[in-house]
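What follows is a single structure, and I will ask about it in a moment.
Note that the chains are named A, B and C in the order they appear, and that numbering of residues resets to 1 at the start of each chain.
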Amino acid sequence: MIDTLRLTAEEAARLLREREVSAAELYAAYRAAIDERDPELHCYLHVCEDDGGEGIPIAVKDVIGTKGIPTTAGSKILENYVPVYDATVIERCKANGLRVLGKTNTDEFAMGSSTENSAYGPTKNPWDPTRVPGGSGGGSAAAVAAGLAPWALGSDTGGSIKQPAALCGNVGLRPTYGTVSRYGAIAFASSLDQIGPVARNVRDCAYLYSIIAGRDPADSTTVELPNAVELPEGEDLKGLRVGVPREFNEHEAIEPGVREAVQRAIELCRELGAEVGDCSLPYSVDYGMPCYYLIAPAEASSNLARYDGVRFGYRSPNGGDRLEMYERTRDEGFGEESKRRIMIGTYALSAGYYDAYYGQAQKVRTVLAREHAQAFERFDVLVSPTSPSVAFKLGARSENPLAMYLSDLLTIPSCMAGLPGLNVPCGLSEGLPVGLQLIGPQFSENVLFRVGQALETAIGFDPVPARLVDV
Amino acid sequence: MANIDRDQLLHVARLARLELREEEVERLGAQLNDILAAVSKVSELDLSGVPPTSHPLDVVNVWAADEPHASLPVEEALANAPEREGSYFRVPPGGSS
Amino acid sequence: MSEWETVVGLEVHAHLKTRTKMFCRCELEYGAAENTRTCPVCLAHPGALPVANGRAIEHTIKLGLALECEIASSAVFARKNYFYPDLPKGYQISQYEAPLCGPGRLVVPTAEGDEVVRIVRAHLEEDAAKTVHAGGATGRSVGADYSLVDFNRGGTPLLEIVSEPDIRSSEAALRFLRLLRQTIVELGISDAEMEKGTMRADVNVSVRKQGEEGYRPRWELKNMNSFTFIGRGIEAAVREQIAAYERGETIGQSTYDYDPDTDRLTVHRSKEEADDYRYFPEPDLVPVEPTAELVERLRAEVPEPPGARIRALEQAAGFDVAYALVTTGRDALYAGLVADGVESRAAANWVMNDFAATGADPGAVDIAGMATVLKTPSLTRDALVEATAASALPGFSAADYTSRAAVSDASELGPVIDAVLAANPQQVETYRGGKEGILGFLVGQVMKETEGKADAKAVNALLREKLAQDA
């Protein structure tokens, strides 16, 4: 009996290798779990049939292109779109024997923090289905948490892997910008987007990262990893310097329960032998959000221009001449948040406003990068909560864009600097998962995995949602 | 500093090829002004000496050799076409676009 | 001299000669069946990313070197955002603030001195696809006009060269264009043929009073692809602008179409209000920073530009001959012959008349062999004609022709000449009567009698002698 709620990818690989379980049985177990729990949770937009392959199944966020499998980006404007090519990360997964289990729900075009912006309905948090799983990659995080996939691929622009991982109690990595190919991943903000692994534990996360990472000739912004990925083994943090940035840890938006869980984890770092110290990044939290909400929408406004009803996707039936076709297709095909961001982005780039908005934001970005770099002269890793709150109620922030944007307050700054970040569950608050964010300098994934693994072992967090145990 | 009026809003919508319905114009207008007020915070900083960051990594000179790859078979190229005629994509005519 | 001065600036676009497109590796093929040269990148499918064509970059740098441009230390691709069916991404990847080539100049030699046209910049971008308009509206029936799009051409590398408004007449514009075209073709980077659409020009025309500072608003004639129409279009614009000013009207900056049938300009039906292209640096591509090594390697591949070659030959051959030789691509042939000892005027004469008539490739001529032939005293006319015809063919042997010296010996020619004079008493009298032109007829008769083997110069001299003697 395969317990998909607990099975790690590493364990699944062993079972297959030692023929304790067949590939078909493994696949069937996940299908059964999906049939049972997904009608309530709605993690999946599309579930694939068993293709007869031999490897481990993987769930894929629906912004990542899969050849022959519908890919919607959570949007009506791509409702019937079937890619004619695989994203590079999918090719790499397939080359390692992985099989696409299904496409997971996402905020439309990866824009959002709750998965409520999906044109296909929201995903529910497996810990409490009246609450959001986080976003934009809520589907992937919820699927892993609910045992509907052993692991998943997500995408992170301002926190879309880390924050759902925090709210659903699993491990998510936002990689160093440029270490994972974006070819085939539907672009939101090109200088910020990264594809990354979502998993039940740090080792699975590291292993999946090693499969997908590395330079891709099809993506000019990728580079070779300077060091090979190391699966973490160690259990202590001796010799490591852990920084606690004040602004990230004492912000008034952080819920008390979250703050406590994170502080316990920081204390644990000390006990494990790390040198822990305070630091200050005065601009990052205050200016990170405005910076992000100028640059990301600007790039998005341009990236989303290709959705025009000409070559693929939705075309408005309310036809008319070409101009009307464009305008109606896009107005009818895009949801609210996408339209908001397109408008902001277009404005920020427009004549007369570029310097004050986009141009200025690109400079703020430099400031944030420098600030982080300075901190990393004294520390190997910075810690903070990933999300200021635990999972909030469905509908609680959806009427207020700015309130929703605040969900990313703590994940955004390091994204602006192209830095990697790992979410590791560190406890519960009111029965809901709290995530610890580990930020490192560029190419420091191995350090993040080492710290994450040590804490994971020491904390002993049970990633199975309590309400799903003994179901 | 930031305040988009109705005309500007419609101009931006036109640039973005979004035909906003009247009730959208109202609602979006208000939301956009709130967001703009928040993001305008970036202009508080004097960054005259600071260079902009376009790329997080210091990578330059990436290009490919001029060697062909296989193009898509024409049926795949047109597979998702909302409207086609033969092997062409078909779109409504327009003096404007 | 008119009180008005013509002011012309040109923006020239040339399709670069590469095997593949600018940002994907689809093979370029003129006349391929529609939509058979496409891929996810040039169709702008979701997730597709551009990868720059290295050869196109090299071609552009070479053009910059040939135009004495500053080669950028860091060139940046930029997005130019607008909507059109032939622009699948909804933006064109071009260069904006940081082009590959900075200020330079093209020096156009004329008999009266140099016309220096400053180049503002040269940069690299991609061409749009092709839209054809179809259907025939009969009234307002369903199935009326529509447009069809073929993406084969979309993504072709395009070189854009922008000149300062330094051109002062339509003739000067055409001189500039022809010399620019020749420079481009000799670099081997483009076929630059207007009729085929591999070169086109936007022509900016304004007028101002002689001595007036600053420039008045200009009219733009876009996508001109005929030298003749460019010349006429400029003249029509100048004419109409002057007339308007003299009527007291003001001129606004506008785009115009030139109608060759009426020789008049009409305002181009404007697509939409002036586009705000919202340029920003292309996040999917990294800067191009040509190394000193690369630039020097490419510099060695740049031949001496045509303008400089004209001036170099002018001393020896006079301006008109030098201009003709260089602009017809035959100056290397001429220079080679002269270097091998052929007298300058004889070499120029042979190249521009005898050889030119064959239509053969000057680069294929056996220069050493032909020089030997040309230096042969008393070569018969026949021998010269045959040698010329064979000069560019493989297996040319000078010896086949040099042995066929013309007869110039007086003792051999004397009797023949006497016979001809005896047979043509009328002509002899005409000559002696003062009409020396008849000598040509008599020479011809001698040539006929000797079956072309006589040396015409010697015959001419001997005839004169004899005719003078017997007078």
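Methods note: a residue touches a chain if its C-beta (ideal position, glycine included) is under 8 Å from a C-beta of that chain, and two chains touch if they have at least 3 such contacts.
Keep in mind it's a predicted model, so treat the numbers as computed, not measured.
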Inquiry  = Closest chain to the protein's overall Cα mean, using per-chain Cα means, please.
reply    = B
Request  = Decide which interface, A-C or B-C, involves more C-beta pairs in contact, and give its chain pair.
outcome  = B-C
Inquiry  = From the mean C-alpha coordinate of chain A to that of chain B, what's the distance rounded to whole Å?
reply    = 23
Request  = Give, as an integer number of Å, the spacing between the C-alpha centres of chain C and chain B.
outcome  = 40
Ask   = Roughly how far is chain A from chain C, going centre to centre by Cα mean, in whole Å?
value = 56
Key: Residues of chain A touching at least two other chains   = 81, 84, 191, 217, 220-221, 301, 305, 308, 310-312, 322, 326, 346, 350
Note = Residues in chain C with touches to at least two other chains are numbered 40, 43, 51-52, 83, 85, 147, 149, 276, 278, 283, 285-286
Note = chain B residues touching 2+ other chains are 15, 17, 54-55, 59, 62-64, 72, 77, 89, 91-94, 96-97
Remark   = Within the complex, chain C is touched by chain B residues 15, 17, 54-55, 59-69, 71-72, 74, 77-78, 85-97
Chain A-facing residues of chain C, complex = 40, 43-52, 79, 81, 83, 85, 88-91, 147, 149, 276, 278, 280, 283-286
Touch list for chain B against partner chain A, complex = 1, 4, 8-9, 12-13, 15-21, 24, 28, 31-32, 34-36, 38-43, 45, 47, 50-57, 59, 62-64, 72, 76-77, 79-83, 89, 91-94, 96-97
Key: Touching residues on chain A, where the partner in the complex is chain B   = 80-82, 84, 177-178, 191, 217, 220-221, 223, 283, 286-287, 289-291, 293-294, 301, 305, 308-315, 319-328, 330-331, 334, 339-340, 342-344, 346-348, 350, 356-357, 359-367, 369, 401-402, 405, 417-418, 442
Chain A to chain C touching residues, read off their complex = 64-65, 71, 73, 78, 81, 83-85, 87, 182-187, 189-191, 217-221, 298-299, 301-302, 304-306, 308, 310-312, 322, 326, 346, 349-351, 354, 358
